Amino acid sequence: MPGIQLQGPEVTFEDPTLIEGFPGVGLVGKIATDHLVRELEMDYYASVDCEGLPRVSVYRGGDGRARPPVRIYVSEEHDLFALQSDAPIGSGAVETVANCVTGWIAEQGIRPIYLSGLPTERDGDGQPSLYGIATGDETETLAEHDIDVPPEDGVVSGPTGALLNRAAQRAYGSLGLIVGSSRQFPDPEAASVLLEEGIAPIADISIDVSDLVDRAEEIREKREQFARQMQEVSQDESSQAQPLRMYQ
Amino acid sequence: MPGIQLQGPEVTFEDPTLIEGFPGVGLVGKIATDHLVRELEMDYYASVDCEGLPRVSVYRGGDGRARPPVRIYVSEEHDLFALQSDAPIGSGAVETVANCVTGWIAEQGIRPIYLSGLPTERDGDGQPSLYGIATGDETETLAEHDIDVPPEDGVVSGPTGALLNRAAQRAYGSLGLIVGSSRQFPDPEAASVLLEEGIAPIADISIDVSDLVDRAEEIREKREQFARQMQEVSQDESSQAQPLRMYQ
Amino acid sequence: MPGIQLQGPEVTFEDPTLIEGFPGVGLVGKIATDHLVRELEMDYYASVDCEGLPRVSVYRGGDGRARPPVRIYVSEEHDLFALQSDAPIGSGAVETVANCVTGWIAEQGIRPIYLSGLPTERDGDGQPSLYGIATGDETETLAEHDIDVPPEDGVVSGPTGALLNRAAQRAYGSLGLIVGSSRQFPDPEAASVLLEEGIAPIADISIDVSDLVDRAEEIREKREQFARQMQEVSQDESSQAQPLRMYQ
Amino acid sequence: MPGIQLQGPEVTFEDPTLIEGFPGVGLVGKIATDHLVRELEMDYYASVDCEGLPRVSVYRGGDGRARPPVRIYVSEEHDLFALQSDAPIGSGAVETVANCVTGWIAEQGIRPIYLSGLPTERDGDGQPSLYGIATGDETETLAEHDIDVPPEDGVVSGPTGALLNRAAQRAYGSLGLIVGSSRQFPDPEAASVLLEEGIAPIADISIDVSDLVDRAEEIREKREQFARQMQEVSQDESSQAQPLRMYQ
Amino acid sequence: MPGIQLQGPEVTFEDPTLIEGFPGVGLVGKIATDHLVRELEMDYYASVDCEGLPRVSVYRGGDGRARPPVRIYVSEEHDLFALQSDAPIGSGAVETVANCVTGWIAEQGIRPIYLSGLPTERDGDGQPSLYGIATGDETETLAEHDIDVPPEDGVVSGPTGALLNRAAQRAYGSLGLIVGSSRQFPDPEAASVLLEEGIAPIADISIDVSDLVDRAEEIREKREQFARQMQEVSQDESSQAQPLRMYQ
């Protein structure tokens, strides 16, 4: 039976938040989540074994442990979960994965924060804009933390869009953070805005993003191939926000 | 379990009518339904969670609420429901969506009005023709409201055709309004004819369409990309009426 | 549950025959069946709601009633049913439709006459040849009515081939009438041969085909687009007979 | 329920053999089986109604009976069954057909002889080589009849390969005869070798193949189109043996 | 019911190991496993009858026995199983085959060693590097036998990746051996490294690989076509390890 498979010790949590890091436009969600896992030294907690996920095995340099490509990490101290994905999600799997992940989130009573880039011309000047949307009883959370709602109609697609769709259908509380990001390149600056202005205040954690900003060029290079792949896949596969008129 | 998910408070209705706004040729059904929702200040009532619908999330500018792309709105005062769709329906989903929506309509005892464009050369002179068809015990409704039956054989395809097919198969009462519309461009004039000459008398409501006519050019521009998409999809996906000899 | 949905009043019949009119090469079966429905003023009796049929709705000029594209008509006086199809059957639906229709025919104890064209060079001289094949206990019917058996090995494909296949597998009595017909154009002359020399004697009815012959040119024009479509589809979709060596 | 449908009278048999004639490289199995049915005047015994088989109907010149395209013939006198196929088997059907036919063979306790060509340069000089392979307790049968085992590693694909695979998986006794045959053209000489040196001794029958050899040119012409089709289909669809290194 | 079908006598084993030989980059796993079966004179033990495996039949030159393409061999003396595959695994079958094989391995309590090549520039100088990864309680085994963990992040795809994924999801003990190998050609040297430095110490067997090294050129030629095929298939089908940034 597919689902979320516990791989570490059980943890006690109070009112936990989950940060979702499926790859999408500008890789903003993935870069932010990967940074969180590393900076907060989160522990491998569970593997995501949903229908349609790539049946591959990943490993880290210097570590001999083979792991599934989509995993959940935990920091008991920060009351925080992070969903890390080392693989793109095929368009045929978006729906089953969203159902499967949502089922576990709802069952555990976790508040999810879904992350998406909004393709924007980024000339390096100024900081990317951050917007928030919400479902269920989380709509007031945005105002509490001074996160703006989007100025124009839009649509979120890809795994993130499907997860928000599931939450909206079930009227389950969830948050969606949308950041202006590069259409073509990995965008560590945008990821740092997600972390500093969205995730940190909402999840009530403190997170140092200087590394993301300092090593921006290096990260961009290392991730370039992945980002290019994300650009080539259809809008069903790659998480992104777009003005609604572009989608229809 | 898929179906129609209640998202607002329950309403009391007497003999309600539903206006269907899936996108099709000239976007006439969508433009008419969107206008109705706005003008009558209808309330978000339910989300449509049928198999095959796009798993995306939409939001409105200035509003932080994420919603599914196909929704039902209600006006208790006007005894009226409106089905609003912010996404095209893939051809593989037409059948399951028609079954799913029909099931709910029949269960609730709602009288549906399905809307379709009939591609016509429109040179701007004269008003587009409006025709009506019906299933079950609604066949006399057309004559009561002086709505002409079509002068030649025809076929309605796309989501609207599938909904009418379901009603015909089950001998359930329904109405189909067909309006001459542009083949290529969004056609707010045709949508206004649907509203004024078809929907308003049948549903016994009064609706001001001056905005649609005044802002026709603006609407056409804003919707152009969507209309172009509708043109490219197969006839199974885009709701339209055609002379029968063109279909076969 | 799919199947045949009664749409008119029940009828009493003794030993009824059904004429099948799915579109195929030269549109011979469709033209013959359409003519029969009109000339004998047959009544709309049931809709065919089998899996895989196009989910569209058709209507007649001057009549406001929306109907499914495949329907069964009846003439109680002539002990006759006619299956009229206003749509081509996709290759993926041929099998399910044949099973579904055969189930109803067998349950009702109806003797089916299936119709197919055999692509032939037709230079306008002489009348097209008519051949008959049969399954179950209908093999003697052909000789009784002086209908020749085919002179060479052949195969019938498309919906008609699938219906004959089902009858042969179940050893259920059925007749197949094969007429030489144009490969490319609608062939009202061939349809009139089917009616006069095959259907009329076997079903014991009298049918005036002068209209088909007189208006041949007009019919050809009106149906040309449909016939061209039939030519383009694969041999699985379009009913036709062919020499066996052409099929293998 | 799919399966083998009895179409003729029941027969009594002792230790029957079945010769399989699905089309493949050089059409060797089909030509041999067709010849057997005709020469031994075998009777139509059953139709093969397995999932995935073409839903068409075939007929013989001068005979008005419509039949399914894959049929089993019987000769009670020779304790022999023959599976005749008038249609190629699509690659998607190879597995279901092999399961379905194997189920019936095992249930009836029939010993099957599966036939395959091995593409070989054939310059007309010398007779094609015949090799035998076997599963279950039939491995000794080959030596008893002086049939050589193949000199090099190989693989049998297509319907014949799938039937042998099923027998090997179930450890059910079966024989596979492999004959060097033309890669491109129908090869009646190779079929005659199958009959004279393989089928006749194993099934203990006497069969005159002079007709196959005398009319070789005529058969080649008549079957050329079919053989060309077999060449074009993938190796999953067309029964053939190949050196293993060519397959991998 | 699919699964592993016993084809030889039952064996008694203590703490058995299974070497997996599905084809992949450089054919390293297949060459190593084929060598093991031959050198240790392992016996045909079971056939692998999982959904999605090619339904073909293979045979060895000089041996008349038809066998399925994927088989398990056993050496009771060495407490060893080997999975030999004579066919590539289609991408659609990777998941079902991994589930099916894993189910049997876990049920029998066997420790699997999965084998993969890591495409590397190989100029003939120096010996290819060998790395090990593990799941469940086998992580310490690598250090015990002085097998290095990989120096950089990576991903294993294809059948081997899916088998490791299954083991990781179920936290079942397994080992993965990864060897630098030619991207384009069969690589018997890399296979010999797998055998000598990985398989032999872990499975506690002694194996002579001189034949692989001596006949390297010959093996390369014979296997070239297969290796080329492996290169053409997608990364889902061909087992291989890659740096993680290449995969994403």
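Letters A, B, C, D and E mark the chains in the order given here, with residues in each chain numbered from 1 onward.
One rule holds for everything that comes next: a residue touches a chain if its C-beta (ideal position, glycine included) is under 8 Å from a C-beta of that chain, and two chains touch if they have at least 3 such contacts.
A quick note: this is a predicted structure, and the numbers were derived from the prediction, not measured.
Traced through touching neighbours, the fewest hops from chain C to chain E number 2. Chain D and chain E have Cα centroids lying 36 Å from one another.
Centre-to-centre, using mean CA coordinates, chain B is 58 Å away from chain D. Among the residues of chain C, none is found touching two or more other chains. Taken as a contact graph, the chains are arranged in a single closed ring, with each chain touching exactly two others.
Across the interface of their complex, chain A is touched by residues 94-95, 98, 132-135, 139, 142, 149-157, 161-162, 164-171, 174, 176, 236, 244-248 of chain E. The touching residues of chain E, counted against chain D in their complex, run 5, 7, 23, 47, 49, 54-69, 86-88, 222-223, 225-226, 229.
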